[in-house]
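Look for chain A in each of the two complexes below; its partner is chain B in the first and chain C in the second.
Let's look at the complex of A and B:
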């Protein structure tokens, strides 16, 4: 028994050491920095308690970034989900060129995000970009649209890039789940006279509901913490119109040199995320109880 | 299992100690961080520098290219982590910003070796703190280029001929001051094809959070007599009446006079050039820039060379050019290779090497020393490029009206706050007072 316990320790200690160094220490250190005044160019640091949090919570920039994060996380995750689900349903059928279609649709996930965003930047260019050229050619607009520079268009434009970059994850996950649904269920339903829609609602959705839930939760968390798309396209501008909590946190820490504000914002971002997660779990449980009932 | 575990730990310790010892004994290489640019000549130049230094001193140069916009935060994080390079060549007075962290070595001795009076005053003062210590050694400047479309200005009845003043400086008098520029911009801005949309604009002022935007915004503020640091009050001050006047002009250019295309808010690093130099897509008659576009035109659009003119930056109350922050300067870090780093700095100070670098950069760099500018090479380049390079004599430090710089100023210069002024003017259409109030609040937020 003792030998078993020792062996158990040999395997678990390195994992705990790794977790401690790579995850626990940064979290604890971030909380510690958030409670002191710490500037990048100033060696003097001192404890200020919750002062940084107090200042940030009355800062309108934080609430603007919070609203943007909510839009980006929820709209982004749901749009990625629906797009991915649509493509997954399409790819689940057999047709000529399915492998090629699967490879092409998976491409945005494989292309490095920097290359993807740079390409979109060019496409969005007001006078040289292909999107505006097409819109003008088709007579849909009278003058070119300022996709990344106008307040009203910037967030939707950034969101669109995020969606096109992120949907393949949902597509692949849902496709795998769809392929795991036994054909016999559909065959039996067909014999019983169920229509395609009835099969979709009563067989497909319940069979993959677990994957749908987990992928949606993951999608929301990833979108909430998404940094590169916004930073590469707009750096949070124009006038904070596209700032997310994570990009604002980065700006405070590494552009304005306020490590303390950056750390406090990171903690706030995580707290918001935990709240969201708890809310989602509660909703999910409610749904499950409803289903059972 | 226990034996294997102990063996593993011992191996880890040996590897760690070994790598530390290797690092301590590795005195035959220097780590050099440089700002990456898409200009091939600059890469070629530093490859040659590296090879020549290795041949001369037996020391290898490990070059790390860093994106310009990432350099400041990469430096801050490396300093915070305590693992930094031996040398960095960077812009915007980063040396001053880092001076309080105790990681840099002052370069007073190297400045004296070259001779303080040889450097253009503004560029050198940009590296000096209030105590008189120099924290970086200027290597290259960037030419002051106010480009204009000769053909479009002439079409609008504007005289674009060059004339010399009593001191021998070249001017285009029709666009000599900001009020001249505004008048010309209003003349040029029009709908040329009659579709009801303006397709030719007077002025292209870049918006993006880049060094170029910082350059023109700070130039405009300082040329009106505004400043960012109040030496009397010892605080960063953005609320002087002169600053307000300059910011009002920025706002008016976008909103009241509407001579700047509205989509500049999305222009990136090189787009203001694209919109003046592109043979078919050009849409602005004047742009302000920190390097010459003449070499680009010579190589890619020769038909545009005769159409592009260069003039000094417009003046307001003063003919300042506050772009000293654009000068590229060498920072030496406190590492165990200090002597080698200083040897490299001396190597970079070589006049012929600097001329070669400027030549290879194709108009991106210009001299930051009078003795380099006096080289016969600069007699052979196009007059407009030389004129832009000579304008570096108008550079003043961000610390104007007093000389020198403070870490606070350097931090503000790196904070994007000045760049964001243009967004508030162009996108949110705020008036100058609101813009200045917000900029002041954001600046105070950095130091509170």
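Let's look at the complex of A and C:
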């Protein structure tokens, strides 16, 4: 131990420089831009205080995007979690072809998001898409459905693509956690006469609860921040029905050239997420106290 | 009796698994099947789940720049994506290997702080960095160049790579290094001659992740690159979809081509990659 001196920290100098220059600085700079008037087409920039925020917070588009982000992040993360957990439980037994099954279930995560979304657009296509063709063939619908173009269908359709693309992360994470639970616990429980369900509730769930919590938190954050699925499928449309805060921020900054609004929306995206987690933590603490009492 | 019951239960579980696999992998199958059908078959009767006459016409069309929308230049996109992904990987490893090693070998409060920062930063949406990075790149005169993408991707690959590599270096027994140190090797020499060769599986996994991050990204190529000759595969493909007139056969062929490197990487390195992915979530 004596041999490892502080000079090992010199190895991390490039990363310090890098983190400072490329990551911390942009975050701070985004906050500055959000307090300015700044447009792509106009070199004139000046400080305007919280004007951008004031204007955005009364803009119904922001609240529509906020609602969509909530639905997309929470519903998406929970659906991905349950699908991934289900598959992980199915895979957590020894049977022939297990590693092939795991690879096949992991495949959607491996396919690039562009290929995945483009394929879904093709499958969702109103007149030629396989989904509409099958639904018509089975007599489940009379008219082909406009999955990505109809206001009521667009968000669920986008959500489905996100879920099918994202569940494998939960699957492999939870599978690893399940396999780390010592067999002796189950053996002891079996000897004491605990049923499969009792073992699941009293051994499996408590043993992996830490991983469940972390993976859910990560899942919510990633879904909240997820830009490509929505942008590649609908660009936020039809009439904002699928816009998330991140896609709205992109639209303002890079389609309309309003860097100021784009930056403010990015800051709002992060702040809202932090607020949500603070709220969740409070609720959870409240719940725990209630249980104990 | 008990054996029979267990067997029956096993059958249902297996059935659920098979149905699950068919449902979640159907898009992959459909992408491939569409890519080996000719346009007429695609537009006339796409419900037939098997292709009638498999053909490589779509692949020939996209590689020969013959897709009906003439500005779709797959060979260029492919070349750009490969160049950007490869250089990003190289630069990221040069920065991340020493940092990951340093953090693994000097686990002080400082090192925990850096790890926390790395993780924290990883939680921000790409949009938070996009506007300043664009301005920065314009200032450097790199707008609409492949270097702009390499810079942006390296920014996001470095934190995660450091984090992953720290884990891998941590698993190498210190005793081996201490022997080399006692024999008069410098810390850098120990890293290059002893630890790095031992950490090769981890380095390969990290390299694969970085490559795929650059290969798959959509946001930055959309923002930083305009000219047709500098587009990456992701932007090239996504720009080709317009309603029912889209040349789906060619697009699906391009999507299959874009999927080849990731699928190959995971087929070859599956254990390492999945372990790296899981280690992050389980251990920290």
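Throughout what follows, the second predicted complex is superposed on the first by the 269 of 293 C-alpha atoms of A that agree within 3 Å, B and C clash if a C-alpha of one lies under 4 Å from a C-alpha of the other, contacts with A are read in each partner's own complex, and residues count from 1 in each chain.
Basically, a contact is a pair of C-beta atoms (placed from the backbone, for glycine too) under 8 Å apart; a residue touches a chain by one contact, two chains touch by 3 or more.
Remember, predicted model here, so these are calculated numbers, not experimental data.
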| item | value |
| --- | --- |
| Combined model on chain A: chain C and chain B, fit or clash | clash |
| Chain B versus chain C as contact partner of A:115, first or second or both or neither | second |
| Touched partner set for A:10, first chain B, second chain C, both or neither | both |
| Chain A: partner with more touched residues, chain B or chain C | C |
| First (chain B), second (chain C), both or neither touched by A:151 | first |
| First, second, both or neither for A:56, with chain B first and chain C second | neither |
| Which superposed partner A:177 touches (first chain B, second chain C, both, neither) | second |
| First (chain B), second (chain C), both or neither touched by A:127 | both |
| Which of chain B and chain C A:220 touches, first, second, both or neither | neither |
| Partner chain(s) touched by A:26 [first = chain B, second = chain C, both, neither] | second |
| First (chain B), second (chain C), both or neither touched by A:254 | both |
| Location of chain C clashes with chain B - one stretch out of 24-32, 132-140 or 258-266 | 132-140 |
| Chain B/chain C common contact set on chain A | 6-7, 10, 121, 125-128, 254, 259 |
| Chain A - residues contacting chain B, complex | 6-7, 10, 39-43, 121, 124-128, 142-144, 146-151, 235, 237-239, 241, 251, 254-259, 261 |
| Complex interface listing, chain C residues touching chain A | 10, 13-14, 16-17, 20-21, 24-25, 27-28, 30-31, 34, 42-43, 46-47, 95-96, 98-99, 101-103, 105-106, 108, 110-111, 114, 117-118, 121, 123-133, 135-136, 151, 154-155, 158-159, 162, 174, 177-178, 181-182, 187, 191, 215-216, 218-219, 222-223, 233-234, 237-238, 241, 244, 246, 248, 251-252, 255-256, 258-259, 262-263, 266-267, 270, 274, 277-278, 281-282, 284 |
| Parts of chain B lying in touch with chain A, wherever the complex brings them together | 1-2, 5, 72-73, 76-77, 79-80, 97-98, 100-102, 197, 207, 209, 262-268, 271, 274-275, 281, 283, 407, 410-411, 414-416, 420, 423-424, 426-428, 445-447 |
| Touching residues (chain side chain A, partner chain C) in the complex | 1, 3-12, 14-16, 18-19, 22-23, 25-27, 29-30, 33, 86-87, 90-91, 93, 95, 101, 103-108, 110-123, 125-130, 133-134, 137, 164, 167, 169, 172-173, 176-177, 180, 211, 214-215, 218, 221, 224-225, 227-228, 231-232, 246, 249-250, 253-254, 259, 262-263, 265-267, 269-270 |
